[in-house]
Amino acid sequence: MASNSFGHIFKFTSFGESHGKAIGCIVDGVPPMVSISEKDIQILLDRRKPGQSKFVTQRKENDKVEILSGVFEGKTTGHPIALNIKNEDQRTKDYSDISDKFRPGHADITYQEKYGIRDYRGGGRSSARETAVRVAAGAIALKVLNHKLKKPIVVRASVIQMGPNKINRENFSWNEVNKNPFFCGDHTAAKEWEIWLDKLRKEGNSTGAIIEIVAKNVPKGLGSPIYKKLDSQIAEALMSINAVKGVEIGSGFDLASLTGFDANDEIFPDNNGGYYFGTNHSGGILGGISTGQPIVARFIVKPTSSILSEKNSINSKIESVKIRTKGRHDPCVGIRAVPVAESMIAITILDQLLQHEGQIGKLSN
Amino acid sequence: MASNSFGHIFKFTSFGESHGKAIGCIVDGVPPMVSISEKDIQILLDRRKPGQSKFVTQRKENDKVEILSGVFEGKTTGHPIALNIKNEDQRTKDYSDISDKFRPGHADITYQEKYGIRDYRGGGRSSARETAVRVAAGAIALKVLNHKLKKPIVVRASVIQMGPNKINRENFSWNEVNKNPFFCGDHTAAKEWEIWLDKLRKEGNSTGAIIEIVAKNVPKGLGSPIYKKLDSQIAEALMSINAVKGVEIGSGFDLASLTGFDANDEIFPDNNGGYYFGTNHSGGILGGISTGQPIVARFIVKPTSSILSEKNSINSKIESVKIRTKGRHDPCVGIRAVPVAESMIAITILDQLLQHEGQIGKLSN
Amino acid sequence: MASNSFGHIFKFTSFGESHGKAIGCIVDGVPPMVSISEKDIQILLDRRKPGQSKFVTQRKENDKVEILSGVFEGKTTGHPIALNIKNEDQRTKDYSDISDKFRPGHADITYQEKYGIRDYRGGGRSSARETAVRVAAGAIALKVLNHKLKKPIVVRASVIQMGPNKINRENFSWNEVNKNPFFCGDHTAAKEWEIWLDKLRKEGNSTGAIIEIVAKNVPKGLGSPIYKKLDSQIAEALMSINAVKGVEIGSGFDLASLTGFDANDEIFPDNNGGYYFGTNHSGGILGGISTGQPIVARFIVKPTSSILSEKNSINSKIESVKIRTKGRHDPCVGIRAVPVAESMIAITILDQLLQHEGQIGKLSN
Amino acid sequence: MASNSFGHIFKFTSFGESHGKAIGCIVDGVPPMVSISEKDIQILLDRRKPGQSKFVTQRKENDKVEILSGVFEGKTTGHPIALNIKNEDQRTKDYSDISDKFRPGHADITYQEKYGIRDYRGGGRSSARETAVRVAAGAIALKVLNHKLKKPIVVRASVIQMGPNKINRENFSWNEVNKNPFFCGDHTAAKEWEIWLDKLRKEGNSTGAIIEIVAKNVPKGLGSPIYKKLDSQIAEALMSINAVKGVEIGSGFDLASLTGFDANDEIFPDNNGGYYFGTNHSGGILGGISTGQPIVARFIVKPTSSILSEKNSINSKIESVKIRTKGRHDPCVGIRAVPVAESMIAITILDQLLQHEGQIGKLSN
């Protein structure tokens, strides 16, 4: 149960609504003696922070994180780290006229059906604002991973398709990713998306996106067959992010068209007494356990449901209404999913690492 | 932890290797007073049973299930139901020549890296033979669902793509699904696949497949935000099945190319005081909670890794070897994933139903 | 895992150190539509609050609780309730001279051994200050219980022995319990304890105590055999409270001296078509499941380890030192365990109620 | 949830009724590469086996355990170990005349209330027969502990009081424990108990008992504050055993009468750069974490509820009935609780060890 918790040994529990007093989490199972500061977390939070370009929500939140516990003289104590982020820029009045209506594509109607009550202000608990908490917890996970492992774990995501527009893989560079407002690794594509998305935004519309995420230096041996396979845990992690409707690992859905002969990643001895794989169709995971190759996953974020264009819906009396969602919204919510996904993957990797060390023993990369 | 368990309130824990004495599971959290017999389970097991056509493994297993506990005078008692399926047709010698080699595409090398030991006979614990247990547990889940709910929960899956060959949606009928060896809903496609797959099989090769799964009559309100969203739990469930490398919900990856205007499922009042959605891009799940529409998911099963064609690999001394996987293998392991996926979805739905009733109260459809 | 969480469906996760910025918790799994306010929680917190008599710590904490999430327009939403209590009166300097020493009877040395680091200020995470959080979570549990059940659940505890001094059962009245600084139900005993304990306090010493806790109107059928029996869950709950070293249910350790003939609680029909038990040696629990009789448990709280009298110990260099624990300490920490235990029992009962309703169905009293 | 499971990383899930086909369990989270055989388990099972003296049930069960999975070529593989014990000597007819009556002191009435159904044959799931499974799982835990740790973990229990008859501590020797039918460490007491208990047995009555359990060589640092303190986990473990109604750690309830000055275990440097405690009132646990001293716990097992003497009760129509429990019963069920408790403690220690190694790192003794 505990549906607001994620992880098993390294486990965080989150709270907070879009327009409540604060959002935050408690991170439990943190190994002791790891250096951590509010600044370490803030750096990652700032990547996700709203209001940084016209392509993301204009809500002004500093997302300033405060550590309330679990860190003593700059080091983790092994006890729970509570993180708190105050909500500052709640324009609740934007929502007063939809308090009684169900926005299509949103959780309004399902929350109402499930709970019989909902905090309608900005989506309440269902708001993507919650994802800031994931980024904060992920920052701790990264610090712990790099404290424990010799080689740094590098988890990087990038938007590879926005609307129907795909990047050109030949242009891709991780160095480009932080140089444009889209976390896009293809400089040319990013330029084109800027014009395309601005037009869509002005039309009061929104778009979906596909993000690719790659984790490097992941130790061999992570993952817990049978029901907590690494691919399964990654799928759960990414699919728990708001608006995500699909996840694939390695060659993913393209594997349907391949034969076994082409899909099997061959193994070869290398020159250092180790081995390598000729290809990585498996996305770095075989039988639910990491191979040591890069972990590769992709996920789809549906178009932002909050749009200015009018759609049909109903109100709480089940009467037909027209609805346009005002407020300050991302025309492509997929963009800000990039740092969120990186954090969820870092947490998943750390949690699996600790699980491995609990059952089996020390693991290194 | 407990990586061999699945579910939270309705929870099963599985055991067993491909060539061990038996496979089975303990199902805990079963509501009492539900009629259940070995026959109820056997019917579903028989759908997954090997040896039923030339397109699946020729291993002869009766997969006869035995209930060891938790049922008294034909009814569940609320106590754990232990299920046991003896392994009968272990041809372990098929594996003797690969005991020291790592089959590409298989879990051989990752199991060895993780555990330092592996039961190499038929893949040991990583064998798809384990999925029989899921089907058995799913049979209990279905009985419980239909005991609790007014309308029967109908969970049906079908292969919609085999290799590069897609079905024609216009030909699709659920009635066709059990009439061909592929669980394919398109009569014409099934005919073509038969020839195509037989050729591939004779070449010592294998193919991937995409399966679509639809659950009808699912009550509104299932799913546990934030981290146990229904889509997230379905993704975890399906991605835990052997060889699955991708999962999508509703319009899935196609949502990337849609605008918010097109992707938002509009809501309309119906004539009975209720409401309906104009479309189902969301696959019956909004904000991680079921809408009452059919739940729709798709997943990709990679080509069977065990092929007769020769591939490069290494042995335990990390020497280069050539490897061909003899034994009795499915040319398309995606086919038998159909009843397995149905069971995993039934279990996921029941578990979420019980979770809802625990936290919130009675739910009906 | 998640060792800072308690409960399964109704689950709270706590954080905070004695001299950190704040303590608090996130309560997950709260049923929706339950009226709850900060005042509801504050009332119970005030019972546990330090500084209310000379027999408890003189630390001045208002223990003012703030609800940060999960309540909308006065009602629970089904989403996590975050509770925050600021630390106000941290006199950290009291601890500077023991930062390097291990106080006997305290967790200092074991925390250091386990984590390699500890927040020595006031015991850090091991401080009984953490128990305020339990009381706050328990206040929510009580509100939920009384929202769900017809008859109010009444959970009451009282100190029945302080040092060697036992109450006289014939004098006992629940009405007395809140009229003296000891939560003692025997007016005469309380008078005597006042003199006795004051003397001990002035000598720089401390005492243990035994508390009895009784829960009335608990529905029949609570408890989850085999490993989550209601007695087992109560034992876990009470034994997790600081300084508790023993728990017994019903006639407890006295049952050793009884024969089966005397210990078996006979059952008789009553005049309303129901039944009753002649005795309650079982403390309201048979086979781990509640009988409908009052749940009766007792637990021992060891003497406060922080005493002004000098004891032998070691410092971090493992050198012999003499140690006296200054600071503001309860001469009998068992007193303030009373509201803490009540809360833990309320949480345990609610959690079991929700578990029952999840697996089996509606339960009433 | 999962109330038939015990443990977190090392976790076993049990099944089976007294008169069903079999009892058994699945042990998950077992570290790989540990030598284990059916014989290792059988040795411990045989200590608990019924029918070994006139002071325990005369039911003839060989309790022959079979390993179905998770062990390959004599070593654990890291995958679940399924254990199966067939029921052989079910004299179900002994129970036919009480199928409709509720035996006082038993779970009959509470199972019926909770589940609306019960397997009345021999108590069904509530039978102490289930404890054989705990012993089997504990045998695996011990093998793993002694594989992982340098010094062997020694967990030994002994009956220290039977009825009103206490042992003389001065006579106590662990060497005596296995030399009499009572697991009693006091030779003289055992002789006296033999006469005393035989008389009670012939009268158709039964008695309670207190058992002391001591674990030696437990590493420092075990236990998970706040809610999974080692004392709390031990209390949960022991109180989950059938008929246990009280648990205490170290000096336990006697601590009520001690002052802090007397109860605080002083710490002294030893001559090897280490330290020792002057006393062990804490039972080897401070702040919920092991100190390295022997872990000491005691628990009370109530008198066997199945007695031949007549008692009042009701039947399923809530009519008054007289009831005598025929069948083959232990006059003191506390005796056979000895190996069961040892197993539960071994499991608890191992589970905490693995949890520690998961969060924090390697631990040794």
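The letters A, B, C and D name the chains in turn, as written, and every chain counts its residues from 1.
Keep this in mind: a contact is a pair of C-beta atoms (placed from the backbone, for glycine too) under 8 Å apart; a residue touches a chain by one contact, two chains touch by 3 or more.
On a predicted model such as this, the values are computed, not experimentally measured, just so you know.
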| item | value |
| --- | --- |
| Chain separated most widely from chain A, comparing mean CA positions | D |
| Computed distance of Cα centres, chain D from chain A, in Å | 46 |
| Chain centre separation in whole Å, for chain D relative to chain C (CA means) | 26 |
| Centroid spacing, where centroids are CA-atom means, of chain B and chain D in whole angstrom | 39 |
| Multi-chain contact sites of chain D, meaning residues that touch two or more partners | 1, 3-5, 8-9, 14, 29, 32, 78-79, 114-115, 125, 225, 355, 358-360 |
| Graph class of chain-chain contacts, one of line, ring, star, complete, other | complete |
| Touch list for chain C against partner chain D, complex | 1, 3-6, 8-9, 14, 102, 104-107, 109-111, 113-115, 125-126, 130, 161-164, 200, 205-210, 220-229, 231-236, 238-240, 242, 244-253, 255-269, 273-275, 278, 281-283, 285-292, 300-307, 309, 311-314, 318-320, 355-356, 358-360 |
| Complex interface listing, chain D residues touching chain A | 1, 9, 29-32, 78-79, 225, 354-355, 357-362 |
| Contact set on chain D toward chain B in their complex | 1-5, 8-9, 11, 13-17, 20-26, 28-29, 32-33, 66, 68-70, 72, 75-82, 84, 114-119, 124-125 |
